Amino acid sequence: MIIVLRPGATQADVDHIVERAQKLGLKPHISKGTQRTIIGLIGPEDALRAIPLEVFPGVENVIPVLAPYRLVSREFKKEDSEIAISANVTVGGKKITVIAGPCAIESEERLLEIGEKAKAAGATVLRGGAFKPRTSPYDFQGLGEKGLEILKRVSAQLGMPTVTEVMDPRDVGLVARCADILQIGARNMQNFNLLKEVGQTKKPILLKRGMSATIKEWLMSAEYILAEGNHNVILCERGIRTFETATRNTFDISAIPVVKHLAHLPIIADPSHAAGKYSYVPALAKAAVAAGCDGLIIETHTRPEEAASDGAQSLLPEKLTELLRELKTIAAAVGREL
Amino acid sequence: MIIVLRPGATQADVDHIVERAQKLGLKPHISKGTQRTIIGLIGPEDALRAIPLEVFPGVENVIPVLAPYRLVSREFKKEDSEIAISANVTVGGKKITVIAGPCAIESEERLLEIGEKAKAAGATVLRGGAFKPRTSPYDFQGLGEKGLEILKRVSAQLGMPTVTEVMDPRDVGLVARCADILQIGARNMQNFNLLKEVGQTKKPILLKRGMSATIKEWLMSAEYILAEGNHNVILCERGIRTFETATRNTFDISAIPVVKHLAHLPIIADPSHAAGKYSYVPALAKAAVAAGCDGLIIETHTRPEEAASDGAQSLLPEKLTELLRELKTIAAAVGREL
Amino acid sequence: MIIVLRPGATQADVDHIVERAQKLGLKPHISKGTQRTIIGLIGPEDALRAIPLEVFPGVENVIPVLAPYRLVSREFKKEDSEIAISANVTVGGKKITVIAGPCAIESEERLLEIGEKAKAAGATVLRGGAFKPRTSPYDFQGLGEKGLEILKRVSAQLGMPTVTEVMDPRDVGLVARCADILQIGARNMQNFNLLKEVGQTKKPILLKRGMSATIKEWLMSAEYILAEGNHNVILCERGIRTFETATRNTFDISAIPVVKHLAHLPIIADPSHAAGKYSYVPALAKAAVAAGCDGLIIETHTRPEEAASDGAQSLLPEKLTELLRELKTIAAAVGREL
Amino acid sequence: MIIVLRPGATQADVDHIVERAQKLGLKPHISKGTQRTIIGLIGPEDALRAIPLEVFPGVENVIPVLAPYRLVSREFKKEDSEIAISANVTVGGKKITVIAGPCAIESEERLLEIGEKAKAAGATVLRGGAFKPRTSPYDFQGLGEKGLEILKRVSAQLGMPTVTEVMDPRDVGLVARCADILQIGARNMQNFNLLKEVGQTKKPILLKRGMSATIKEWLMSAEYILAEGNHNVILCERGIRTFETATRNTFDISAIPVVKHLAHLPIIADPSHAAGKYSYVPALAKAAVAAGCDGLIIETHTRPEEAASDGAQSLLPEKLTELLRELKTIAAAVGREL
């Protein structure tokens, strides 16, 4: 922690800060410049974060030095984490994992139809929402528990592990019994009680980045889950909110190398929610693989005109098949497989 | 709903859309321009929102015409809503309500000390957090149930109604028993299950705007609560996330006249979270009153250096007293009282 | 400047940085913490900004301590600057200056008609654009030199000083002869050659904040003008670009207290461009005065339906009159006059 | 253009709009819904944009239907445009063009040294700034005319065409004589007089996207150049400003497919300015090629520690060589060459 003092700060101001810091077991380093005095505090920043140093007399600015996350950081663990999903599927290794399926589970027949096509195209994990967070209370909210049962049966039938969103801490047990990966949606990235709840399971967690979350905040949300004992976290970039309206969200492709630099957790990309339009999905998917992502989650539907939610961003199975074929060569070009 | 077709759209494309719209009970109006054909669909847009018209052949763009909210809109209710908090306190009438208190409840003595000063300064509602949403799992998370009990006792002692945050649907009953207003924090603005849960109480709800929520999305979140039967919603502007870092958030002062135009619900302002620095709080508070807000929620602390959370943005009681005095004349200048 | 080293940085890395810093006449302070080594460099940061310290081996992060502006800062000049516009008009003193007029100069008759009404309402400076920066090359681009002559004649007739935009360094001399204040528009805030050119005049400059400029960058642009010898700079907040679309821009009301804290230059507000809709202008104007602005620039038109540009955000003269009456009491409430 | 009326709009309001529209040669279509009346106006929207329909009585909202650009649009020209730079270099064809070189021209020796390495690595165009737009007036502003002469000599020596920024309309002639491509920087994207000036040359123009420009505004700026008769415009995505600070800008990878969909102009990517850190440049460059860009502009320096500007984001020649090798296979995977 570095404390920059105002030009007129007094020796008493310095002493007051030093005294408080020493009580917390920190070692102060004082540098008096021509224009400013600066106090560097050596030691655990957590202790300091609890004190509002900004209100101490004479203080102009407080600059943290250490990243606030630990368990997720590269410093804590140097090697890339690999998260086992099922006997055959892992996220974070050489192989890029493709998750596909409809936005919402609409019926058993439809999910099976889509899942079969997705599997044939090369996807190894099936997605499908039973609890849908919708901006409007009047829009389709998902089939709920019934949807989860469908998901479980289709998963067994196809031999594909599954991912589905959990929105409520009260549903964590139920969802954990029906799906292989629990998804925390963008709107719940800072629903800390939900994070703590899924942190107490041993399930792989797919943690989507919040719409306006910095990468640092996103990693802190992952830290919540790891801090509860569950280290099986997969990060998912799905676009952030900016002024641009040509796409639904602005896909932050840079998040991939930045996360890889800062953390050991795998990161996958959701080009469908980022684009909001199916025609832009292939370009974003290719970009994500080229940039080094560990997987993709792609909305697919056999009859987009009848999709209960997000039909506009769903790929037809034949488009998915074509895309995955192209992705194979890009994956190879960056030393990966798909 | 207006559907703009691509230049090359065929008559078959038009017929396909018209047929689908008619099945839903909508009346299509077709306008063929020199460059584009446009189809206007007259009737309830909700039915249409369920269909991904963007994927229909020939469609370039789909433009909704009606606002997606109903119960919160000025069209549903022309007059300003007034929300009764206690025998003496109402939000939304001529009188501007001042809510003050610490960010987090730290101890009974401290809350009482701050509450007394806040009351003396002119605040009529006491704030204090028992459940604190913190970016880091290692930061103080609030006193929880114990904090709620403190809040209840101090409230009784001072004769001030209270507001406190609820973060988890499982805590709604508990919080509703201990506080007069339930606050939904910015991070939970789209925690739809929590919204539904508080919608089933009769308690006044303080709904903070999400960090990156449009005004439309914010009103849709309010709609969730009203749709469950609870019309006692108070909106709270607390700043949005932008590229500017000189303040913690960018206080969107325009939200006040915009919300007043679109909705009948009262809107209050939180200058403390917007500014992030106590020295900017008075200017923002004055601006909010001048712009027509119905209340203010201001963080106050008697010993900011010891505050467990957000000390940097807390006003000392003497500053609060001074501010409320200045606000009185501004309130009068815009035909209000404080 | 503070340099944070990576965990694995070597003594050679430290020596390399120290050696380079000493050559530049800077004094290094080294603090070795448990997790990180930090080097504080004492001395003029300008010298350091020229070196890309981020690429030096072992460096993780470089944190500047001093603000990069000097002449505009409060440290350079403690008292508020007052900019004299004409014999009777000053910006930055106790009196809040009201600038009003049409977006674009359309004809002499119309400008005179609007100017008279604006003056009667209480405005003391007349605005009107002769060079209009328009997003589309097919939109009205202003009357140019002919417009400037109209402005000069109307100014003389009404006895009101004027402000108009200059977009091209080649036009600075011409505009300086015809108007009293030269406006640098938001799109040109970082047109550095234009800034240098107006910096070489002695004219008051109205420097609008760029659409996505931080306050720091805005002050740096002002610094360009002051560095050329022209200290007559008036800053103008006109809204920034964010994700919110309910208003044309997001009026950053916090910029007023922040600028007042950091710089000695006067700051005025442009509620018309921020709002984009006339009905929201009064609320924003009141907020700006309450927050401490030194002036307002308000678009006014007698026949908005016929305005060549930005009619939607123009106030009718009667609305302006009413607004200025209300603003008088708010100004008084914050110790100002209008 | 679609005009949505307020619930209480009268027949007189409708007539007033219809009359005005008909005078402009537009054909109105009126649709009366249960909640709203909508007027569709068929005909050239340009005529309409000049009228502030929003202020007409009874109007709630005005929705444009047509894109405001013409010459740059896919509807105007179906096939991809190819811009010839020199006898051997074209932008927009099958081959992906690599532009490399230092941010600023520092000396003839250094530019030659860097240019040779860049050429050896596979770059075919040399970049180097002589006029540098710097946030601070105290930072290195470029060698100016002397720099341009260096650029010209090094270009001749290496047989590489060049690109350099022009910031001032007065310098367009000079820069056009010394360089092969004129760059309009992000800060000048809406410097309309500069756009008009370069529009009057026949030179290829590299038009960088403004920091907070929507894709639509960017295309409108290109339209300014084409409207003056110069159709040789190359667009360049270089990152937009968002709340995220982990990278210097947020690289909007989606802009590539979106621009390809809307316009016929080539689009290249600038991963260096987007990332701001050299270590993130390769991932972004790969992503851009995979997403379909027509070229890359990459900052390269042989001695980043001594770079006069932007050293932190410059690649060493050996890193550039390695990157271009990897890009070759990605280019092949998406049907391109490099």
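Lettered A, B, C and D in written order, each chain numbered from 1.
By definition in this document, a contact is a pair of C-beta atoms (placed from the backbone, for glycine too) under 8 Å apart; a residue touches a chain by one contact, two chains touch by 3 or more.
Note that the structure is a prediction, hence the values are computed from the model and not measured.
Colleague: Among the chains, which is located farthest from chain B on the basis of C-alpha centroids?
Modeller: D
Colleague: Between chain pairs A-D and B-D, which one is joined by a greater number of C-beta pairs in contact?
Modeller: Counting C-beta pairs in contact for A-D and B-D gives the edge to A-D.
Colleague: How many angstrom between the C-alpha centroids of chain D and chain B?
Modeller: Result: the chain centres lie 38 Å from each other.
Colleague: Go ahead and note the Å separation of the Cα centroids belonging to chain A and chain B.
Modeller: Taking the mean C-alpha position of each chain, the two centres sit 26 Å apart.
Colleague: Distance-wise, how many Å sit between the C-alpha centres of chain A and chain D, to the nearest whole number?
Modeller: 31
Colleague: Identify all positions of chain A at which a residue touches two or more other chains, and write them in rising order.
Modeller: In chain A, the residues touching two or more other chains are 212, 241-243, 245.
Colleague: In their shared complex, at which residues does chain D touch chain A?
Modeller: It is residues 212, 214-216, 240, 242-247, 250-258, 261, 274-275, 279-280, 283-284, 286-292, 326, 329-330, 332-334 of chain D that touch chain A.
Colleague: Which residues, counting only chain C, touch chain D once they are in their complex?
Modeller: Within the complex, chain C contacts chain D at residues 46, 49-52, 54-56, 68-69, 133-141, 167-170, 187-188, 190-193, 196, 211-212, 217, 220, 223-224, 227, 241, 277-278, 304-305, 307-308, 310-312, 314.
Colleague: Which residues of chain B touch chain D in the complex?
Modeller: So the residues of chain B touching chain D come out as 2, 4, 7, 27, 29, 31-36, 38, 40, 42-43, 61, 63, 65-66, 75, 241-243, 245.
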